[in-house]
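Have a look at these structures, which come just after this line.
Two complexes follow with subunit A in common, the first pairing it with subunit B and the second with subunit C.
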Partner chain A sequence: MFEHKITPYQNLSILILVSFAFQSILMPLLLTEIDGPVGWMTIIIAGLVLYFALKPINKMMLKYKDNSVLSITNNIFPKFLSKLAGIYYIVMFLTANSILMKDFAEQIKLMMLFRTPLGTIIILILLTASYATKKGIKTIANIASIAVLIAFIPYLLIIIFSTYYADYSNVFPIYPFDVTGVFKSVPGSILGFFGFSILLFSNSKVTVQENNRLINRKFIIISSILYIACYLLIIVKFGIKESVHLVWPFISVMKFVNIPGFFFESTEIVGLCFQIVVTFSCICIIAYFTNMAMQETFKTRENGYFIFIQIPVLYIMAVVLPGMYMMFPYIQWPIIVFSSLNLLIPLIAALIDRTKQKMP
Partner chain B sequence: MKNIKIIIITILTSIFLTACWDSVEINKREYIFAVGIDKNDKNLTFTAEIPKINEGSEEQRLVYTKDSANFADFYATSYLHSEKAISDRLMQVIVLGEDLARDAETVKRIFDEIQRSPQMNRRVKICIAKGKAQDIINTEIPSNPIVGRFLSEMLIKLKRENYQDVYTFDEAILNLGKTGNTMVPVVEANEKSLKIERAGVFKEYELKGFLEPDEVAAVMVVLNPDKAKIRNVNIMVEGTNVSLGVVDIIMTTDMNISGDKLTVDYYATLNSYIDSFIIGSNKLEDQSYLNKIKEEAIKSILTVSESTLDKLQQVYKTDLLKIKEDLFKYHKQDYEKISDKYDEIFEAADINIHLDMVIKSTGLVK
Partner chain C sequence: MSIYQDLANIKVDADLKRNETALKEVFRDANDIVFRNMKVGQNKKLKILLFYVDGMITKDSISEYAVQTLMESITLESLGKSNEIELENKVLQTNIAITELGVLQTLQECVDKALSGETILFIDTCTKAIWLSSRGWQLRGIQEPAAETLIRGARDGFIETMKINITLIRRRIRDPKLKVKYMQVGTRSKTDLALMYIEDIVNNTVLEEVEKRIKNIDTEAVLESSYIEELIEDDVYSPFPQVENTERPDAAASALLEGRVVIAVDNTPTVLMAPATFVSFMQSSEDYYERWMLACLIRMIRYIALPIVMLLPAIYVAVTQFHPNMLPTQLALYVAASRANVPFPPYFEALLMELVMELVREASLRITTPVGSTIGLVSGLVIGSASVEAGLITPIAVIIVALTSLASFAIPSYNFSTSLRMIRFAFIIVASFFGLFGISIGLCILIIHLSTLKSFGVPYLTPMTHFVERKSDLKDTIIRPKIKTLVRRPKYLQVKKEK
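Here is the complex of A and B:
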């Protein structure tokens, strides 16, 4: 009922916003896994891997216009495998959204709502996000494009004002660098480009799908630049030794915001307000694409009502799961599995499709 | 129908937009501007300065002193002892007493609490009291009665003009984290006011001792030659007192590790001008006389620099010159070979300062 198409710019906004949220969450992992301030190398490697992976995927998606990756796998994979892929995306989106929500709720509790129970914050976010999600892709896309203008860009500008007395020599030493650490943290960095998983679904909703390849490339380039800039910002502000101790590096960076001529009692709250809009948009976006994954896995005509199934699942997962920072020691393998599958499922689909095409 | 909708929306909006139910107005708050922390036999003594911002006078203040185990305990006790809500969000300065600063464990506890707190700002200024922090907070300064404001403005000025390396808690903890060493400004009583001239030398969160103003200036030149300020150099040449001002410094550094021997050479060129000489003498037109001035000035600066280096290497055994950090950043391979025994290597290091002086101007008269 609410289904509409989205513009390429809205698609780009969705991809960048979602990636930024996960890059922020996974930043401590990048900082701790590498011995030295060379995490930007990992980001470049991850960006390149995704950039080159996009070519066959875009080609396949352009061939099956108006189809998401799950619709395509339904056509080219055996039924069992396509169902398995669908369930994987549902589980992955639900896990990612619940982690995002938990982390976000913990930040709000720690910085703003000291006495409000965490469960209350989570349910409030969830109910509000559900309302937006139920409205469909057009509403979500509008929220995302507005969020970029009114929250994401001001948020980045505010972060720039936190570079007073930053020590730019903290980006050294570059050589000799920790080769093992750099390569070990590539899966985590790939997962940070969460928009890559979203574009497999969102591309099918774009009005001019011929432009998807260009938009997706732009997304990888812009997202990589933002990821590297944010990583370097934390490094120059705190140095690598202090950065590894930070639970939420961005919150700590925001404590240094100093806008000449402005007085704020708590500078970090100003940044957090923008972050609330950004993260809230991301929760809506992921919830919508979970609905879409459910629709295509269970082959239903509508997807809006799946949000009613998501609400209790997301709530329980968000309440039960520990905060992201507490999970870091245990998520090495899950990250490798998730990032490999995110990359391999569409690539294998593209490969099978190409093989089938060549067969007489 | 439309009017009814508008009325309902207006009523609902006015009900829900009544702001936070548990908000505390500014006149019901007490904002701590400065906290002095001293060590006593059993506990810590917190002395807090609270300006009376609500009573129409910017120049009046309250000073509370309480024994508490930590900041959290201090706030909890203060909350029960005042009709107002106490807030540390506008805290300007933390002053650590000398006894406390010499106890590494207590400093670590306090630093950890500041670092961990979502409310306290890492940019809060920090200094060490010569003697008790309580005395510093209690000082009555006629020209600027709010000590927190006085110290905050003073520390900002000293940092801006490069008289001190560190002025915020953030800088201190970052330095201690990176190299284990830092120097923190020392505040002391100065008749009916306060002064910050010296710096406290910290190693592994423990105050090892103090640097005199000349020594602080020498360290600042090595740390930041582009911006560092050198006080006027006053020398006696052929019976005449000459004062030189250093306008800028050009410096290069050469570091070398050979086995366990660390050699650091600082090559500095000081561009200076004559600040003061004597009327009636034309000696400044004589190049040989200018050369003598240079020699004396270099000798005078080197004496202070070498004694400072000796103090850092032999007495405090503390690398305030950030040689360790530079080795890690720019000579990582060499640094990794000696990182385990860096303290001994620094102590035995051959650190040399090679000075050259150029007198750029004799001022407005010959």
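Here is the complex of A and C:
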């Protein structure tokens, strides 16, 4: 009765949550590709690139209110290209979601359910996520806000408590820093800001779209801070040499949590419970925006039924694809392609729109 | 066509006898209906008929202020052949000393009024009847509601008479902007219902929605406000209540002042308040009567009790069955040792104990109050200790179940607490299949469900779902701020006046 759209800060919660999940997954990439503890420089560079890229994109999205990047490309690009862009986003979201789900399911299997088949865990997550996705953007936004309050913040607090016995000298030496490594890992870091791809769709669902500019900037800043803080935490906790061998640095960090009076021995399981809620929210969010990309590419009206197409596709992809940690040696090029396209599609659209506007 | 169906079309007849015959046909075999024929005026020329339900009226007031004055009235002497307007005016304006009365046109109206406890006066040659306010039956005294007792606060509670309940609220809000709209529901029960709101505060969209849903109720009888609650709530399949209820006038008054709509239903002491949110079910009137720091502590305890009620037995199942490595070594060894002689798996043990606890609770509710609580306590103790000694369950399971039951009493709303207790069983089952992962997935499903749930358009999880935009609403959730700082009404209600 009151709201059919999401509020600007619900949008911010969505963007931060999604980015955090991908930053966790891509953290080992940042740790392995740079020689030395200067991954934070990469994050800053990636953050700055996205911050400045947002300016024309914000302008374009404000002009085409209530339109996602795909609706805008439909107006600007030739039909063939706009369809290609739509298919790209569908494939990209599906791939990202399946990798996230696979990694997430593997963590659960490894730490919680040793004897349960991976497929069972994946299908359980998928079915639950599909229930949320079908309910629409408002539900997704509400879930994201609640997840921030009841899971994301406690999860971050648990991580903070893990600084016990940390060696802060691990963040040095900064000089001489690995310039090649820093720049080489920028595409990976850009992909870590996965919320950037989501905002191209979610901004059209916001009630007060004039605030999107500010919210998008806030997202880049907060996400960068979180990314840097998490990176530094892993470094101070394990040191760069040990960190590169960790499969999931965040889970390893939680093994050494020291909360006064906390009597559970395996704190990582408690942390993982919070992470389940956070990651689950991200899966729902990406699944919803995959639906949206499908709707706009195939020009159907808003419905939640595309999730039923997604379920088998996501399941097969998640079962077939190896986990992210196994793919690291082979994903240099895909990462460059994905992060470049994520950045270029909206930028080119903004550029063409501006040129068209200037033409008499 | 039967006379019942046609009653609405039958006008009051000028002939008293015809009216009486028709009404006697309607109330055939109803011995509690009284028809009293009289001749009034000093010369006893004017014939009248009194019609009422025995036991529902205060006979004294009718005899003293209506019948007696009519009998002794000199002005009625010459009215035998007067036109009906003159007759009606004379009787209404000068001969009846009852403050509340009115004119009725059809027999249906007469029947409805009589069944509500009014007395109907038919006058010969007059094609209109007059209803005289005479409602009066045995009432229960105003007492403190047994289910909502407080340490500090008013001791009066609602009773079964709607008008008295309205008065109890009016005494607390002496504002002409407090509006009361009467309605009737139930094709047979014709239950009176009052919609109360403060005109310059309430959100009109909410008010219209409540009104619309009440008008759309198509049921034969409404015997309790729970009927209305179920018929107007947004999602009838949800385990969570979407309309709040109370027996306390102060709680209802507070809801009105917040900008909510209050629905008082006749024949029930439970008043409904809408919209309701997750947070409103965790609040109690007493929070605002105690010192704010103490109230904060109590509220925080309630929020700690919430996951205990829902999750503790499930966590016990998950930890003992799937993740014993989570426990400190000594505790894990103790749990393993105590479980060695127990024949049941942890999930069965938890389910069994929870079922026994619900059984004890249900049984103690059905037994008379002073004995009920004692029997509940004794049976709990006896069954618990006997089961441990018999090796059926572990002492830890008894502690877990007792703690869970205790925590459920910390939730101020009985309805809400019952919902949480119900969900607990679902969590035990998922925990038995997937351990902590199952609990987390269960929580996710619960969050999804609650995120979609609305109460008259207000999101159920608000203000948590809008914690930045409505951070001022968060102020009065887990903590109870100082009264001085509670100047704004909740934003989520989108009321007309925020301050």
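Just so we're on the same page, the second predicted complex is superposed on the first by the 357 of 360 C-alpha atoms of A that agree within 3 Å, B and C clash if a C-alpha of one lies under 4 Å from a C-alpha of the other, contacts with A are read in each partner's own complex, and residues count from 1 in each chain.
FYI, a contact is a pair of C-beta atoms (placed from the backbone, for glycine too) under 8 Å apart; a residue touches a chain by one contact, two chains touch by 3 or more.
Note that the structure is a prediction, hence the values are computed from the model and not measured.
On the superposed subunit A, the two partners subunit B and subunit C do not both fit; they clash.
In the superposition on chain A, contact of A:121 is made with subunit C only, not with subunit B. Of the two partner chains placed by the overlay, only subunit B lies in contact with A:242; subunit C stays clear of it. Subunit A has more of its residues touched by C than by the other of subunit B and subunit C.
Looking at the shared chain after the overlay, A:280 reaches subunit C, while subunit B stays out of its contact range. Once the two complexes are overlaid on the shared chain, A:224 sits clear of subunit B and of subunit C alike. In the superposition on chain A, contact of A:266 is made with both subunit B and subunit C.
In the superposition on chain A, contact of A:132 is made with subunit C only, not with subunit B.
When the two complexes are overlaid on their common chain A, residue A:339 makes contact with neither subunit B nor subunit C.
Within the superposed three-chain model, A:82 lies out of touch with both subunit B and subunit C [touch as defined at top].
Two complexes overlaid on chain A leave one subunit B stretch from 21-29, 75-83 or 129-137 clashing with subunit C, and it is 21-29.
Put simply, subunit A uses residues 265-266 to touch subunit B in one complex and subunit C in the other. Those residues of subunit C lying in contact with subunit A across their complex are 205, 209, 322-323, 325-329, 331, 434-437, 439-441, 443-445, 447-448, 450-452, 454, 456-459, 461, 464-469, 494. Residues 1-3, 7-10, 12, 108, 112-113, 116, 121, 124-125, 128, 131-132, 135, 138-139, 141-143, 145-150, 263-266, 269-270, 272-273, 276-277, 280-281, 284 of subunit A touch subunit C in their complex.
Chain contact summary for the complex, subunit B toward subunit A: residues 22, 89-90, 118-119, 121-123, 168, 170-171, 173-174, 177-178, 328-330, 332-333. Within the complex, the subunit A residues that touch subunit B are 36, 110-111, 115, 165, 167, 169-170, 172-173, 175-176, 238-239, 241-242, 251-252, 255-256, 258, 265-268.
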